[in-house]
Amino acid sequence: MDILIVLGLPLLGALLLALFGARRFAAELNAGMSFATLVAVVFLVLRVLRHGSLLALQEQFFVDSFNVFLVALTAFVGFTTALFSRPYMRIEQQRGRLGTQRLRLYHSMYQLFMAAMFLALLTNNMGLLWVAMEAATLSTVLLVSLYRTRASLEAAWKYFILCGVGIAQALFGTILLYFAAEHVLGRQGMTALLWTHLNAVKGQLEPRVLGLAFVFLLVGYGTKVGLAPLHNWLPDAHAEGPTPVSAVLSGLLLNVALYAVIRCKVLVEGSIGSYLPGRMLMGFGLLSAVLGAFFLWRQRDIKRLFAYSSIEHMGIITFAFGIGGPIANFAALLHMTVHSLTKSSIFFTAGHASQTAHTQQMDGIRGLVGISPTVGWGLMLGSLAILGMPPFGVFASEFLILTTAMREHPWTTPFLLIALGVAFGAIFRKVQPMVFGESDAPPLSHPPALVPVFIHLAMVLALGVYIPPMLAEWYRAAARLIG
Amino acid sequence: MPHSNHWIVPSLNLLASILLLISFAMLSRRRTQRLITLFAWQGLVLFTSTCLVAYSSGQKEMYYSAGLTLMLKVIALPWILHRLIQRLGAQWDSELLVNIPTTMLVGLVLVIFAFGLAQPISRMATTITRNTIGIALAVIFLAFLMMITRRKAVTQVIGFLAMENGLFFAATSATYGMPMVIELGIALDLLVGFFILGIFFFQIREQFDSLDLSHLEALKEE
Amino acid sequence: MSAITMVRQFGEVLLAIALAPLFVGWIAQCRAWLQSRTAPPLVQPYRMMRKLFQKDVALAANATPLFRITPYVLFGSMVLAAAIIPSIATDLPFARVADAIALIGIFATARVFQSLAAMDTGTAFGTMGARREMMVGFLAEPALLMVLFNAFLLSGSTALPSVVEAYSAGPLSINPSLTFAGVAFVMVLLAENARIPIDNPSTHLELTMIHEAMVLEYSARHLALIEWASSLKLFNYACIGFALFLPWGIATHGADGGWALLLAAAALIAKLVVFGAALALIESLSAKLRIFRAPEYLATAFLLAVLGLLVHLLLGS
Amino acid sequence: MLLLVLGWLFLGAIGLLRPHSLRFVARGLFPAGAVIGLGVALLGTVALLAGHAPQAMVLPLGLPSLPFHVRLDALSGFFLLLMGLAGAGISIFAAGYFRSGEGTAPGLLGLHYHIFLASMALVVLADDAYFFMVAWELMALSSYFLVVSQHRLPEIRRAGFLYLLMAHLGALCLLLSFGVLQGGRWQFTFDAMRGAPLTPLWATVAFLLALLGFGAKAGLVPLHGWLPEAHPAAPSPVSAMMSGLMLKTAVYGMLRITFDLLHVQFWQWGVLVLALGLFSAIYGAIFAGVKTDMKRLLAYSSIENIGLIFTGIGLAILFDACHLPLFAALALSAALLHSLNHAFFKSLLFLATGNVLHATKRRSLGALGGLAHTMPWVATMALVGTLAIAGLPPLNGFVSEWLLLQAFLFTPQIPHAFINMLVPLGAAVLALTVALAAYVMVKFYGIIFLGQPREPALEDAHDANWLERIGLAWLALGCIAIGVLPQIALRAAGAVTGLLLGQTVNFSSQLWWVAPITAKQASYSGLLLLAGIICVVGITFVVVRGLAHGRFRRTVPWDCGYPWQTSRMQDTAEGFGQPIRHIFGTAFDMERELPSPSDSAPHYRIHVEDRLWRMAYLPIERAVQRLSDAIGVLQGGRLAIYLLYSFLTLLALLVGVL
């Protein structure tokens, strides 16, 4: 039941905002709906805590330790982003970059996007998963092109085509999956695509077919994860869309896509019993991490910079999942969490920073601590956190990942070392002059909403020194599940 | 198998090969109008094949999806595309990135590769339409190739839709179609996506006053 | 420590203080003879110092207390060194305060103080002298250390008394590594004590001098103390050399009654006479080097010392 | 035991209450921090006395499977003692040092400062890899913020960036090293690592990674690039802490991993460390010789001292691997003692430069001079520091270097051909380094404090205020105390060697004697030496005054018959460094403008750069730049190409599964 509420609230919000999105209270309404969703999710989570993983609506939906924390995370970041987008969009509106109609579109699409992601996370049906991913793509395409500038249109177009084609591959993969499944499960309508059922019989699925299926699924969903060399849409979309959208894209959508990949990986690995899928993930992960790091070195646009950093981190997470085993999976899940928290908070501060300086070019942004210390320190701490500086949580996961890699696959560590080192140099040499130094720009008209930033950073910090047992238990269970 | 279908299999294979032929034709066409017509034909073939499979397997809901195909891919989309092109005046896809003979050769290689891939699957397929899946895969590859080689927005979209066709064919021929809900979802996404595309065309046009993708190359690592 | 050892200790120190200027005077005399000049009397250094002690000090206006303390520190450290080095007897209460390496440290202290004092008045020559002095210092010390390394390998100790006793216990023999080390030591001694070929004690041509440039600002009793200290330094180095290479005659532990001491003193004086003459000979035969040839010169010394070391390690003599 | 450390954090936190009130933060909190420092020192002493009974505890924080472990044994105790004592002096000084309006607000400064102190203590206390790394990086982070506290100057930002970058890379190496050390048992506590089974190959890998990591932090050449940039950039108390204390955490880590976790296995390790140490020592010394920025000079001298310490560690490893534990203990004690000494005199000197900086606003030696007249206090304290760091008896620097040489004397007993002939030459390098250090310090002290002021502005330089004087005096006292009675420190070191090598050297039974192995072999007594010098000087003074007289008159210094001399005509720091440039010319990148005889306004300019910059650092940066340019081509902006990428990826993977 509460699953339906969780799915329904954002849809309702999308509807309402489509109607009243042009009103003055639209932003508040948006935040309100997100908050309601968050509350609903909290109830759902409590229920899962009490009764363990649950299946609902003829097994069409299910919640287990793997997706429950992702759902919670999505709801939370969705809410904080809504909070942040309130003043941010106000300022954009004042500066005449957006009309009220666009705001309406923005708000309703935002809710729709959330709904799509919840569907993707909660569904048990690989087909529905695909549908949800496609829906998420479509809604965000409109968000990316919100400014209707040449650049934003181009970015959105590339995003649309690349992810559309990718998702088509994923569909073919799904079809192959179904094809393999119906030989085992028979053709009783829906069940042949239910993940739980597939997982139960994964041993008997035809390995050759699943191998092919995995390739298509990996390429398909991997495009949305932003794995190199399928990543090309990502920096454009992040840089040209409105900042809140960049935040949710980086913070949530990538996670959801990766979630889909991992679900598939579990099935395939169980079926073909070889390490092939893991090796593929490791390869993609390393490539993304290294390429992302070197791309970082040459960035001038602040949002592009952090977009590439997302690619790098997604690479690290994928790599960790590729290694597999309880510890690496644990680390990967932890990294998913802290990355989305940190990255979204960074995008918040980066958005305000570029608003303060009236440019996204980093050479134009200077001396933030002078203008508004909160933005400056937020950006500095956020960057340090994402660069894996303890005591922030990113360090915890990188600690586990690196030590595991050193032990299991020593040959990969040089690449990781290069990636992390170059990324550190690249980001920090850009962030430092933005935060420190002199500047004479005036402060913002609206007070920036930095409460979300510091909440996120506080949580990341907390995860660095103390992981609540409940969360740790989920991670462990999920890690076991992923194997 | 409810019916003795000695004539269905050959005719399905025939349709499949027609589908492949059409894809090749699309690869070779320059005029956008022609592409659209071919796309419509592809939809028609798809419709027929789906009906055949539905008939032979006696699955009622596959008729729905067949109807959906007819509505969307044979009538609606081509019509809208036609109107768009009239409005935007983008009849010609002047120069390709790669010249046509080369494209054809590459296409040929791809088809062989696709068949090679599909072999194991076809062997284990119990459905009457086992060896069509290779063709579906080939159609997808060819569509992909077309998207890579064309440089007009519209043609890329057509390529995209063609790929969708291939997928649909794979779904029907290899597996008697996906569950209905999924079909609907897919169709819905397709429709929405297509409308979004329509909006895009106009916006791109008013921003760049052309649908030539060469204008959409500003965002890059300078 | 018994009274007799204290007496021995002080006797030795006083002997050193008394003999040091005489030794310098003796070297000067020999040089004069070798260069067929009329030699100054042996006691010339004493006369000079007496005169200096009577004069008034002319103190640079901007001299700090450091400048005025330095002469006493120099003199003090040299006297201390004299107390540590077993020149006539090994069983000295003070001898264990510092081994040979620590002795180098004491000399270094003196050198640093002198250089700082030279820089104190801020004249160009003072600083120039200081930096040359320090340069010679850091070039000489590795060689000196290698020499001591040789001694340690032979006697298993860097404490001079132990070294002496070790030798005098063993049979009298010419040791190859020791000969190398000995030559190296003499070269270092020349460099450290501002003698030709590194420095010329008798020149006052500013651009070539080291020691004189540093003491340029000193006058009267300060100068006297400094000169005395430098003569003591030479004396000490000589005694170290004797302890390391010609320990015969030094009254060892147990066998150090009155006669033995007298014998030892006689032996010491004999050695000084010979060594002083040899020193004068070397100085007269060799020409002063340009300051930047000093590295090569001291590198040679270092090389010899290392050769001695390797010879020992190879032959394991 | 943690309460004290937390106390520091607490101080930092309450500093935020009134971030802009200097009086509250500086005059109030820093002295409190100093008191805590003394407490920590006491803690360390207790641990040292306790000997082999380490006290451990587990905190409820950390990773779920890996809570924070804390352990206090002799080794940690020794370094806590070091940090506490020196840190107390620095904190007192800092209380008087910080002025308002210098970059970061006092509150934040205090926060970073105390986090820095606390994290250093935690590094020493940590007993599992994760907690260690957290504290380690926290240390780097907080010190980074301190370094850039005057972030308006671009070169300071550059220094900070380089510093944090290298610190992070080093940390990554350490992380990997721990990854090896846990031996595939996924136990990250040090206890588990002690028992972890490692093949020789893995052990060596772990050792090398650790050497990289700690070397980068300690500033071993060629990983030293950040050090001469960052130390001068920081405010002087921070430079003092970084040089005096932070570098020692690297020493600690090296000892912990090499001797404790990874019991020494190969003498080759020792040779490597020894070679690196000696190279760093000589390298730092000659660069300190040519540098003309006083803080940069001290920074290079830190590299030199770290080199000496690592030389000692290398010897210890070598001896230990050759089963000569007694000599190993001797070398190790020397290294530990030198760490302690360096903490004192280097901090002292950095603080003194801080005073000079505040009084004159000048960092270049060329603009200073004659400050002994205007700032007698600082001059006197700095003199003690100078003599100590120059390794002169009877001060502390001498003792450790002397012991190190004593340890070298035993290297011929190593049972390996070549090694037992080559290593003794190390002693010569060591002697050269020490003598060079004396040269450098004469230059440092002489040019800054002696001579005539090179600029008129220096006439009205003000002396240190009373808090600063206490700080300076405390450290100077430390230098003298350890120099005169080294036994105290050596017995502390003995506890450590006992823990790490199971062997302690018995430096004579009386407190004022030091005899490395036997009194017969070599002995030294700072106390008697000092007493002797004082007596003799006193007697001489009395005698001279008695026999002669005490008359003197002030005159102008002799002008060589050239009466128009100005204070600018004194020898400059460049001039003083000239012999070193001449002798070690190959080490430098020099560009020099010599005036020609016909110049109307002759101008001499020389610029000496670290050759390793051009040889090691810049190429790396260029390589990264080139690679990233090459990779940038991938993002060409053309959609068709992007599609091609994904298509090819698809085909490649399909071939892969085929």
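Per-chain numbering from 1; labels A, B, C and D assigned in written order.
In this section, contacts are C-beta pairs under 8 Å (C-beta built on N, C-alpha and C of every residue); 3 or more make two chains touch, one makes a residue touch a chain.
Predicted model only: the values in this text are computed from it and were never measured.
Q: Find the most central chain, measuring centrality by the gap between its CA centroid and the centroid of all protein CA atoms shown.
A: Per-chain C-alpha centroids compared to the overall one single out D.
Q: Would you say A-D or A-B is joined by more C-beta pairs in contact?
A: A-D
Q: Could you give the separation in Å between the centres of chain A and chain B, each centre being the mean of its C-alpha atoms?
A: Distance between chain centres: 31 Å.
Q: Mind checking the centre-to-centre distance between chain A and chain D? Centres are C-alpha means, answer in whole Å.
A: 44
Q: Which integer distance in Å separates the CA centroid of chain A from that of chain C?
A: 78
Q: Averaging only over C-alpha atoms, locate the centres of chain B and chain D and give their separation in whole Å.
A: Chain centres of chain B and chain D, defined by C-alpha means, are spaced 70 Å apart.
Q: Mark out which residues of chain B touch at least two other chains, giving numbers and ranges.
A: 117, 144, 147, 156, 216-219, 221
Q: Residue numbers in chain D touching 2 or more other chains?
A: 632, 634-635, 639, 643, 654 - these are the residues of chain D that touch more than one other chain.
Q: Identify all positions of chain A at which a residue touches two or more other chains, and write them in rising order.
A: 157-158, 161, 165, 212, 295, 298
Q: So in the complex, which bits of chain A are touching chain B?
A: 125, 127-128, 130-131, 134-135, 138, 141-142, 145, 148-151, 153-158, 160-161, 164-165, 168, 171-172, 174-176, 178-179, 182-183, 187, 189-190, 192-193, 206, 208-209, 212, 236, 239-240, 295, 298
Q: Residues of chain C touching chain D in their complex?
A: 53-54, 56-62, 64, 66, 69, 72-73, 75-77, 79-80, 83, 94, 96-99, 101-102, 105-106, 108-109, 111-112, 115-116, 119-125, 127-128, 130-132, 134-135, 137-146, 149, 152-153, 156-159, 162, 206, 216-217, 220-221, 225, 292, 295, 302, 306, 309-310, 313
Q: In the complex, go through chain B and note every residue touching chain D.
A: The touching residues are 97, 113, 116-117, 144-145, 147-151, 156, 213, 216-221.
Q: Okay, in this complex, where on chain D does chain B touch?
A: On the chain D side, the touching residues are 632-640, 643-644, 647, 651, 654, 658.
Q: Using the touch rule from the top, collect the residues of chain D that touch chain C in their complex.
A: These residues of chain D touch chain C: 369-370, 372-373, 379, 383, 387, 390-393, 398, 402, 405-406, 409, 412, 420-421, 424-425, 427-429, 431-432, 434-436, 438-439, 441-443, 445-447, 450-452, 513, 519-525, 528-529, 532-533, 536-537, 540-541, 544, 547-548, 551-560, 565, 567, 569-571, 575-576, 578-579, 582-583.
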